[in-house]
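Structures given as structure tokens follow.
Each of the two complexes below includes subunit A, the first together with subunit B, the second together with subunit C.
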Partner chain A sequence: MKTIRSLLLGTALAGGALLPAQAQDVTVVMSQNEVGATSYNPITAQLLSVGAWLIYDRLVAKDEKLQYVPQLAESWEEAPDGMSWTFKLKPGVTFHNGTPFTAQTVVDWLPLYKGTENEYLFDAIDHAEAVSDTEVRFVMKRPEPNLLYNLSTVYGSIPDPAVFAELGEDFGVVEAVGTGPFKLESFEIGNQTVLVRNDDYAWGPGAATGRPAKIETLTLREIAEASTAFLELKTGGVDMLMNVPTDFVGEVTGTDNLKLLELPGTDLIYMPINVTKPPFDDVKVREGVAFAINQQEIVDAVFDGRGKAADGFLISALPESQTAPEFRISYDPDRANAALEAAGWVKGADGIREKDGQRLSVTLWTQSDSIFRRLSEVVQAQLKAVGVEAEILTFDSAAIRDQYKTGEQQLAVRTYLWDNADILEWFFGGDRLYYPNISMLNDPKAEELKAAAMTGAKTAAEREANFIAYHQYINSLYPYAPIYEPVQLIGYNAERLSLPEPLQAARFNTLGFLELDVKE
Partner chain B sequence: MLGFAIRRILMLVPVFLAVSVIIFLMIHLLPGDPIDNLLKIGAGPEQRAALTAKYGLDRPLYEQYALWLGNVLQGDFGTAIVQRRPVASLIGQALPYSLALGGLALVMSTVLGVTVGVIAASAKGSWLDQGLMGGVLFGSMLPNFWIGLLLILIFSVSLGWTPVSGARGWESLILPVVTIGLGGTALVARVTRVAMIDAQSRDFVMLLHAKGVHPVVIQLRHVLRHALIPVVTILALRIGWILGGAVTVEVVFARPGLGSLLIKSLNQHDYPVVQASLLILAMAVLLGTLLGDLLQAAMDPRIRDGLK
Partner chain C sequence: MTAAAPRPGLLPAVLRSAPVLAFTSWKGAIAGSFLLLLILGALLAPWLTPYEYDVQNLPGAFQPPSLAHPMGTDEFGRDLLTRILYGARTSLSVSGVAIAISLFCGMVLGASAGYLGGRFDRAVMVVVDLTWAFPEILVALMLVAIIGPGTTGTLVAICVAYLAQFTRLTRAQVMSLKSETFVEAARGMGASGTAILFRHLLPNCLGPVLVAGMLATGDAIILEATLGFFGLGAQPPTPSWGGMMSSGSGLLFKGPWIILFPGLCIALTVVAINLFGDALLHKLDIRERVRSA
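== the complex of A and B ==
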């Protein structure tokens, strides 16, 4: 397959577009992980594509430093005891159907989550009350320092509650009414979504506040196969790829009219270590393999030098990633060798360590995607350099999660995509053993710190401090080794499109498409 | 003929029930759980328990099966657990794409395959016969995704005649139809050729030659009619395949369809969608087989007499 792909890409000619785009029409291929989203219903959906960011707005947004900035709310205030939040709303906002967006809209919107799988997002809110047309207060059941995060996610998008109630399960499929910069024109599941500009839009985030989008029509294509998506970009069939896989970076940069826009990523690749499986039930062995991973070598060799070497479990844009230097995990072969020696594993004649006549031979689980297989081979070589023999076991990407549930893994290579510190609880919480806690960590002190981080804080600052303490303690137990923080790579036709650089947003969504322009 | 048709239709009932049990057990006994795909980061064990109960996944398997089958018999396929849409709506959206792609590919493979088979059989043993059959054999050996990518390279990238991918207008159907149709053409051509050669050696053909009937008339009007019986069977059996067997082509050409829906739902363990999709595909195969039998019986009285 790879040979065929190389053959195709190597000989591909920059042919003319069969379906040339109109002047202000832009066609974009959405990220592969968004292909197959079945609706634009933010209340009930489990998967939403980039279109949902554009049809709807949220009360708050996040900037490029993951700091909260106004969107539909122009300001907000949390009570000192965390038991209420007051949001001042932007005046003059209307839905696509002309209905005004007011404090009462927010009051009517929150109960829509009741009984849905997304209910837990706003479970801490007892009720909302309209103080005035432009001021709404959330009365809390308990303090929720994570509220702004939940409000800023795509699942915190605000649809017109009246249309939502009227359409029922067809909402988000046949019609979707929000306040966002684009209106839904048509949606064919698995094929494409056509959005048209909302000419009344004047409440955008950041620099775009006060004007509608520059482009008139946006078509979001669903293409799961990366080769096909690239050939569409190359031949002018589409103008932009929302996610360029590492395998295609060279192809994009090697084509004259194509450019890459690099944005900070929200995912992280790491190596979980099963703390219950010998020899990793010994913290010294875990420390040894954790410090054996040469993160920068992996960035350069596997990811073409793009992205960052990770030194903790959280993406570096999060303030909770800022642990004290002594808790960071970065390549240190001397420390790796010393830890393994201290655990009683000494190098044998062939360089592999032994203890009590047993070789330090372990398994390393990986998934079948080519990038993971390559990464695993590099990790295998790095472990061998400190005397650890790792046998790679490859599982189908769709089936590996069920394999983890057996708890038989020793080491693995995997990734997550999340931009909140609560991911620590998801992967290391004692009540999540087997999956998603495949490190099988169940430590009493970690559980105490987890509780303090998750529910013990009244304010955002207190939550941040608690999560840093939790993060540091987890790192001290070495239930994983950090590897790599990827970047988001957006490929586009630079002869046709003008993209904002730098983009003042964490992701290319509302602000990116507001700023996107077609060159004359 | 009516009695034959009724007997064949009645035979489908136990087969349908057996297939429904196999489909249900197969998906439920596979490792995995749709609830994994519902839980977002931060959701707790109590939410898992609530969702498991909400979708009835905590009930015994036989209860779940009885409930599902009862609903299906009333035409209700339920709601997708992960994709959060009525299953009938998801399948209804995917099916027209599969029917258009598979139907046109079937027409192409039938017309082209029968033509190639007749020409090859008429020139049996000649260089033309060997060339045509060698060509179709080679074509049938190539994997679909490879043919698809090659066609994209030639006709979309180099010549710019067709779109690279998508389901936007009739032009976007050309390359996927040709990709799938080529594989079917090889099969139909080989079956037609063998059946034609077999029919050519029958006594009635010799009699027609002795009576001085023109060879072309013998081939097209008499030999081909007999040779079409196995061809019709093969085509009828392919009805189920063309609906769900185009997954790789759907992926390469970025087209929605029943095959893609099934694979995606399998990956998510979205039980109601997988069960309904498989049941529809199984029904398509069963009905295709029935159609083949009925057509065979219509063309050959010995078959319907044999079942009496």
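== the complex of A and C ==
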């Protein structure tokens, strides 16, 4: 017995001695919607996980008010005619492999986007030229008021162009070289990414400038199943979940050592309406179903009251979401019923509307993730309340995009994640029919307004006004119904970690992980 | 005519009484009563429960089991017991009908292949062996992907997934029976091939094949539930046990009863079907024939 006890004590002591080395290791479960990202290649990838924010830096970043703040660029200036931009770069920045980051790096980096899916980001730039080692000028083909936004997205991350050219397809999979606060140690697709601290990092944003990250190793795990992820957090297998589904909020707040950090979300859930498929080729029918969706009921019943009822297509943090009240779409059963009556659909004996002997029966597509199926069932019941029968068709989340390309959908429940007004063009542009324009909207006036919004503005204020006009016109055609604007909920082990609160960034990435600390 | 048929009337008579006989063993009695109750519950669901299976009551969601809701309410505030009863309709009818069709087609194919032999036999067996090479779930998933999600897709998928099994079993039975003396006698009396196949051979392999069908129904319920779990089975608001488990899986902490009760139902039903099938096997005394096939 005594030997066992001393053995145990010895083990405990040895474990204790090991602790300081392990203390700086943090394991985080990434958001479910980032699971399965196949690469950390910011130039060609369509999906990048939070790791890409940490391996690379961008010229500019966004703060919590969605204002642009310096990152690799110290300051910038736009020519009055919008035809050139000059960026002053931070001196002394180096890549993970020791190569210095200079104006020439930026000049070499921009052409890499040619021919990729992400080319549109910097399409407006004709070429870049190095004015000095720390000053680079973009010569524009046309004014691009959205340039700072594009530079601040994760797809605007700057890799070492030399290594990028050398590795080709393998870049971002076997090796990734950036200037970010963490270096890529290992990457197993679909499983986990191990990042180690970049000790030379001294060019962090805001309060974190002048020093590297506080933690040594960061393991990003991919767990698709929310309950599994939560159990890992609860049992101490991981320290933090980047995304806690609202169904688990009660469990997190009810567990002593766990805490929640709530950040504004950048996604929006909505119901696209295919304007080419009868009966939705009639704008009155579209208006009817759009006003039948009870957003607040969905927020309360499905999302535990967290997040906001959406009333437009853009997240409310964007100024372009501020449309005039008459263009907002929010639950109004009287208006829904009146619009459907006006379209000639009259309620039959079983409460479902009919017209010329035909029932108002439509299909509602959804993806197999549980939250979408649940939402669809609530939407189905809400549509039934105004006399519309919706048949739910569930598709595998990976396969639904190909299904949309057939253009057979009538209604659907889906989500997007983007914090810029140009998403309107992506989902409603006449040249993007089938996918991503699954509403199949192709309206001449909308196209005119789109062109003005996307490329017609010279200043940020003008762009904002143009986008509001475009947004309002789209709303008046009812090619979708807004549903819900989620919040980002981060759950973490408060006994082990200390998180920066309040966080001075739009999302929990570079700044968040620079400030993240392990309690001794 | 009478001399040509020494056994045909016999087995169907045993078959007719076998389900009743199965009740004489305690295993068969318990399993059989459970299945009877379940079928009755499913049939009488509209009269048994005061609730609708598809009317949502969002403020009343996530109520734990109580007197008003013996199995609690789901995430939409719908009574779970009501949904289980209506779900039994989906699960039992889809798997039952699918297995019945599969059984019929399998018997016709297998018997013809076994009796005719030659090229036809080889052609049928190549196709059958090909489907046999894949797990049922894989065949079913492929078919649902082609046909599209829903009850019809599930039905066809289950049907095709089990076809190989029944074809092989019937073929083996027919092959061993076709050299029996009563078949030779029938042939000697001038009976046609069709008559021999349908009057003499098929009735004699009915017993083992039906029991295999019974046992396969248990597997089919699991397959139906699996497809439902993936969201490919009956589409909401039509309840299916697999679909209910799937929505409950994300709510394990908030409402554990939402996944518990449909899960229990699937498990109990499959156990009951297997026990009853076992009792049938025992009473028919055909265990060796089913097992060896």
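The working rule: the second predicted complex is superposed on the first by the 446 of 520 C-alpha atoms of A that agree within 3 Å, B and C clash if a C-alpha of one lies under 4 Å from a C-alpha of the other, contacts with A are read in each partner's own complex, and residues count from 1 in each chain.
The definition used in the following text is that a contact is a pair of C-beta atoms (placed from the backbone, for glycine too) under 8 Å apart; a residue touches a chain by one contact, two chains touch by 3 or more.
Given the structure is predicted, the values throughout are model-derived calculations rather than measurements.
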*asked:* Per the contact definition in the header, classify A:118: touching subunit B only (first), subunit C only (second), both, or neither.
replied: first
_Just to be sure I read the superposition right, which of the two partners does A:269 touch: subunit B = first, subunit C = second, or both, or neither?_
neither
*In the overlay, answer first, second, both or neither for which of subunit B and subunit C A:227 touches.*
both
*May I ask you to decide whether A:245 touches subunit B, subunit C, both, or neither, giving the answer as first, second, both or neither?*
second
_Going by the contact rule set out at the top, does A:374 touch subunit B (first), subunit C (second), both, or neither?_
second
*Which superposed partner A:497 touches (first subunit B, second subunit C, both, neither)*: neither
*With the two structures laid over each other on chain A, which partner does A:398 touch: subunit B (first), subunit C (second), both, or neither?*
first
*Should A:195 be classified as contacting the first partner (subunit B), the second (subunit C), both, or neither?*
neither
*Per the overlay, which chain contacts more subunit A residues, subunit B or subunit C?*
B
*Once the two structures are fitted together, what part of subunit A is touched by subunit B and by subunit C alike?*
227, 399
*Complex contacts: residues of subunit A adjacent to subunit B*: 1, 4-5, 8, 11-13, 15-19, 36, 38-39, 41, 44-46, 117-118, 120-121, 155, 169, 173, 188-192, 221-225, 227-229, 231-232, 234-235, 237, 398-399, 401-402, 405, 418, 420, 422-423, 425-426, 431, 435
*Which positions of subunit C touch subunit A when the two form their complex?*
54-56, 58-59, 61, 75-76, 145, 148-150, 230-232, 235-237, 246-247, 249-254
*subunit A touches which residues of subunit B in the complex?*
31-32, 36-38, 40-45, 47, 51, 80, 82-86, 89-90, 93-94, 97, 145-146, 149-150, 152-153, 156-168, 171, 251-257, 260-261, 264, 266-267
*subunit C partner contacts - residues on subunit A that touch it in the complex*: 226-227, 230, 245, 247-248, 250-251, 297, 300-302, 368, 370-371, 373-374, 376-378, 380-381, 391-396, 399
